[in-house]
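Take a look at these structures.
The following pair of complexes shares a single chain, chain A, combined with chain B in the former and chain C in the latter.
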Partner chain A sequence: MIIETKNLVKRYRKVKAAKLFHKEYRIFDAVKNVSLEIHQGDHVGLVGLNGSGKSTLIKMILGILQPDGGSIKTFGRDPLNNRQKNAAKIGVVFGQRSQLRWDLPAIDTFKLNREIYQVPEDIFTKRVTKLARMLQATEFLTQPVRTLSLGQRMKAEFIAALIHDPELLILDEPTIGLDVLTKNSITQFLQQLTDKTIIFTSHDLDEVAKVCLRILILNQGQLVLDQSSLQLAELDVPTTVTFTSADKLSADLIKQWPNMMQLKNGSYQIAGIKQENLKEVLSTITARIPVANIEVKSNKLAYLLAHLKQQEVQQ
Partner chain B sequence: MRYLKLLATYLKVNLKALAVYDLDFYFALAGMIIQNLLNILALRFIFNIVPRIKGYSFAQLLLTYALATLAFAIFRCFFINALNISDYIHDGCLDTILIKPVNPLFQLVNERVDEDAWGDLIVALLLLIIVDIQLHNPWYITVMFIFISLFTSLIFLGLAVLGNIVALLSNGLANLAETTFDFFDMSKYPLAIYSSALRLIMTFILPIGWVASIPQEKIAVKHEWVWLLLIPGACVFFFILIYQLWRVFLQKYQSTGS
Partner chain C sequence: MKYRLMLIKIGIKKGLASKYALIFWLFSSLISLTVQYFLWQAVLTGKPNGEFKQTISYLVLMQLLTVLFPKTSYDVNDKVRSGDIALDLLKPVAFATQLLWESIGYSVVKFAVIGTVDLLVCLWILNFKIALSTILMVLVTAILAYLLYFELELLLGTFSFYTYSIWGISTFKEAILLVLAGNIFPTNFYPAVIKKVASFLPFQYSFGAVGMLAQKPSWSLFIQVVLIQLFYIILFNVLFKFLFKRSVVSTVIQGG
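Coming up: the complex of A and B.
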């Protein structure tokens, strides 16, 4: 087992009101009673909205943060007291923070990491060549990092995090701000890392599901869902269809969809369409209305969060 | 051994980063040299009015100046990033350091070097040699001073770390680290010119007297060689104390996350 937590809690003290001589604090639970197990080779997606406690959980796994309750073990030991020992087996990519030297080519940071993680020279060279080929990064590794695009830089960050061939790879929102093409190539790259345990944090459920077989959803510090991504894919999530048309809609069509709304910008929106009705709705729209633009969307994460909350209330 | 190798790699990478600045680097070098010459000129003017200050001649004061500048230049060339600890914490970059299997303070200090300080280093070394010749000090005194400066620079490192920790614990006095520069200014003069209370503080609490004044008095004037051990010992002791404080601070960071 790589990671094991039992009723893990982390509380922050936030300043509620600052007066001249004393401050009032508000205690707030960033992570509440999270129990989970992550095994060797698992690809786990950790999904939640901003402020749901993902980063706090990651930091406790890494031993950067001390838990306020419960227990946590990373590689079978207390991560806080074994931080440096564990660090040799962990690679981390932070989407928001770079570990690359700004003024220098990425390859220089790799060399520094080679020394930090004590990777033998020949293995290092082989590994960098292989990773660079997999990520199509070979040609820009010798350019100063400040001249790279965000996508190129992130690819270099991935290589930097994998120089020491870590058993556990932690990705904290690594695709933030990237274009579709770069996202796809990174997703493909991650799919090939089958021998590694991966924790992939994001607020985009669909993206995580492409890489991870297991999805954890955190909401306001609580672990609200732990399911395989296959099960999630089969989940019937209502779809929203939005379309624009130059013509006015006929009265019987409006009657047919009582929950249709006209948005401020003039386009029409039908929300809450069930999976089995989607095909019919779409064919009706395209057959009867001269559609200028149409968009089909299902926000699984928002739906799940709302749905799971209701369940809790019912319980 | 592992840290020595790592230090060499950091040095290589940092020097490479300096080369990126190319022309800028030489301008900074020239700027620092001019600034030092102006400082010395100002000191010379004072000595045109009075022949001695508290019994110190111009050349002797110049020696304290050179010793302090040398120690501070070593600090700036190699340890300057310690001044930025609070920035690392404010923008969360300390986390990227904590996830590596190497001592965090070691990484922090080695993450960047100062491109401006090399001028100081050259001036301080030249000045030290010239003043020692003027004062008819034998050559080995100069070598001893260079050896001692390697350790006295640790005092500035300690003060920089201390300033940052106090700034972070007191929430927002972010400029406290800059006091390291003020301490440097104070270290340039012999302890004799300060009041007795200040002299005590500068010897036993914030040990800036050890940077230049004490080495000058004990080694150049009195030739008491035991201070060749005592001074480095005091520097290392001070640094170890600060290092313990840093560890306590790191633990607090790990429990609050800020």
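Coming up: the complex of A and C.
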């Protein structure tokens, strides 16, 4: 087992009201009684809305934050007191932080990591070449980091995190702010890392499900769901279709979809479409309406959270 | 050992990336030296020429040390504010070690661009007459002064975990150094009380003590300075380790 937590708790003190000489605080539970086990080779998606406790949990796993209750073990030991020992086995990519030196080419950071993690020169060269090829990053590794786009920088961050071939790869919202093509390229890359244990946090459930076989959902600090991504894929989550057309819709179509509404920008939106009806709705739209733009969305995470809350209330 | 060399290389490359800033720094350093030259010439009117030469060479040496010494507290502060410190903490090498060797690399570039000019000016004032033993004493105490100043900066930087800005603390440090370190005024011009107080505190051993050895080198003073420097380096290191460990685990790395 690589990670084990039992009733893990983290509390923050947040300012409730600030006066000139006095502040009032309230205690806020960022992580509440989280118990989980992550085994070698698992690809685990840690999903939740902003502020759900994902990053706090990650920081405790990494040993850079002290829990207020419960226990945690990373590689069988207390991560807080063994942070540097564990570091040799862990690679980390934070979407909003960087280990690359701003003024220097990414390759310089890779070389520094080679020395820090004591990777032999020939293995280093082979590994960087392979990773750069997989991520299509060969061209820009010798450019100063400040001249790279966000997507290029994130690809370089992935290579930097994998220089020492870590057992555990922790990805904290690594695709935040990236365009669809770069996201897809990174997703495909991660799918190929079958020999690693991966923890991938995001608020985009669909994206995480492409990489991870197991999904954990955190909500307001609590672990509310621990399920395989296959089971989640089978969930019948209502879909919303939004489309734009220059032509007016015929009366029979409007009659066919009584829940269709026209948005302020002129687009039409049909919400709450069941999975079994989606194909038919899309076929009808494309066959009968000259569509300028169409978007299909299913916010599985929001649906799941609402569904779980409803279940909780009923119990 | 190799990763230390690589950190020095990274520091050098970072320094070279900001070479234009260093060239402007060199010019401002030369302007400051010129002002000090004429100021002390006026102050020491009527005194023997030897005293003027000693004072001005002392001040050039102090300026050299000020340029070379790292501003690590600002680096720590930037990392704490941005949250990037998380990534440094997750390396199998101590955070302070990473900062130290990278700072040394940056100081190498500062020495090459600014320091050599300061050093040449200093030697020129002394007519290039300086004993080998003096060079050795100054070199050893300057290296220890560098380490002592680095530890002091690390300690100050650690306050960032609580204050998220060390601008005020750093300004306070500058004021303390101004009074007690002897990097602006030679300590032998101080009143006896301040001189006595300064001799017990660590600040003088980052600057003034090195200058004193350059002015009046003696093995007894050298040993005394080295022992006090070592004492404070060890003390600050223990303090930093204690404070840093507490800070890292009990405060929050910024951002989600």
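Operating definition for what follows: the second predicted complex is superposed on the first by the 274 of 315 C-alpha atoms of A that agree within 3 Å, B and C clash if a C-alpha of one lies under 4 Å from a C-alpha of the other, contacts with A are read in each partner's own complex, and residues count from 1 in each chain.
The rule is short, and it goes like this: a residue touches a chain if its C-beta (ideal position, glycine included) is under 8 Å from a C-beta of that chain, and two chains touch if they have at least 3 such contacts.
Source: prediction; values computed, not measured.
Novice: Judging by the criteria at the top, classify the pair chain B and chain C on chain A as clash or fit.
Specialist: clash
Novice: Of the two partner chains, chain B (first) and chain C (second), which one does A:R13 touch, if any: first, second, both, or neither?
Specialist: The first partner, chain B, only.
Novice: Scan A:L308 for contacts with chain B and chain C and give back first, second, both or neither.
Specialist: Neither: A:L308 stays clear of chain B and chain C.
Novice: Would you check which partner chain A:L49 touches, where first means chain B only, second means chain C only, and both and neither mean what they say?
Specialist: In the superposition, A:L49 contacts neither chain B nor chain C.
Novice: One more residue to check, A:V291. First (chain B), second (chain C), both or neither?
Specialist: neither
Novice: So, A:E173: does it touch chain B (first), chain C (second), both, or neither?
Specialist: Only chain C; A:E173 stays clear of chain B.
Novice: In the superposed arrangement, does A:V92 touch chain B (first), chain C (second), both or neither?
Specialist: Both partners, chain B and chain C.
Novice: A:L249 contacts which: chain B (first), chain C (second), both, neither?
Specialist: Neither: A:L249 stays clear of chain B and chain C.
Novice: Need the overlap of the two footprints on chain A, from chain B and from chain C, as residue ranges.
Specialist: 12, 59, 62, 64-66, 80, 83-85, 87-88, 90, 92, 94, 96-99, 101, 103-104, 108, 111-112, 115-118, 144
Novice: Touching chain A in the complex: which residues of chain C?
Specialist: Spelled out, the residues of chain C in touch with chain A are 2-3, 5-7, 9-10, 13-14, 17-18, 82-84, 86-94, 248-250, 252-253, 255-256.
Novice: Hey, which residues of chain A end up touching chain B in the complex?
Specialist: 10, 12-13, 56, 59, 62-66, 80, 83-85, 87-88, 90, 92, 94, 96-99, 101, 103-104, 108, 111-112, 115-118, 144
Novice: Spell out the part of chain B that touches chain A in their complex, as residue ranges.
Specialist: 2, 5-6, 9-10, 13, 16-17, 20, 91-93, 95-96, 98-103, 251, 254-257
Novice: Would you tell me which residues of chain A are touching chain C in their complex?
Specialist: 12, 50-51, 54-55, 59, 62, 64-66, 80, 83-85, 87-88, 90, 92, 94, 96-99, 101, 103-104, 108, 111-112, 114-118, 144, 172-173
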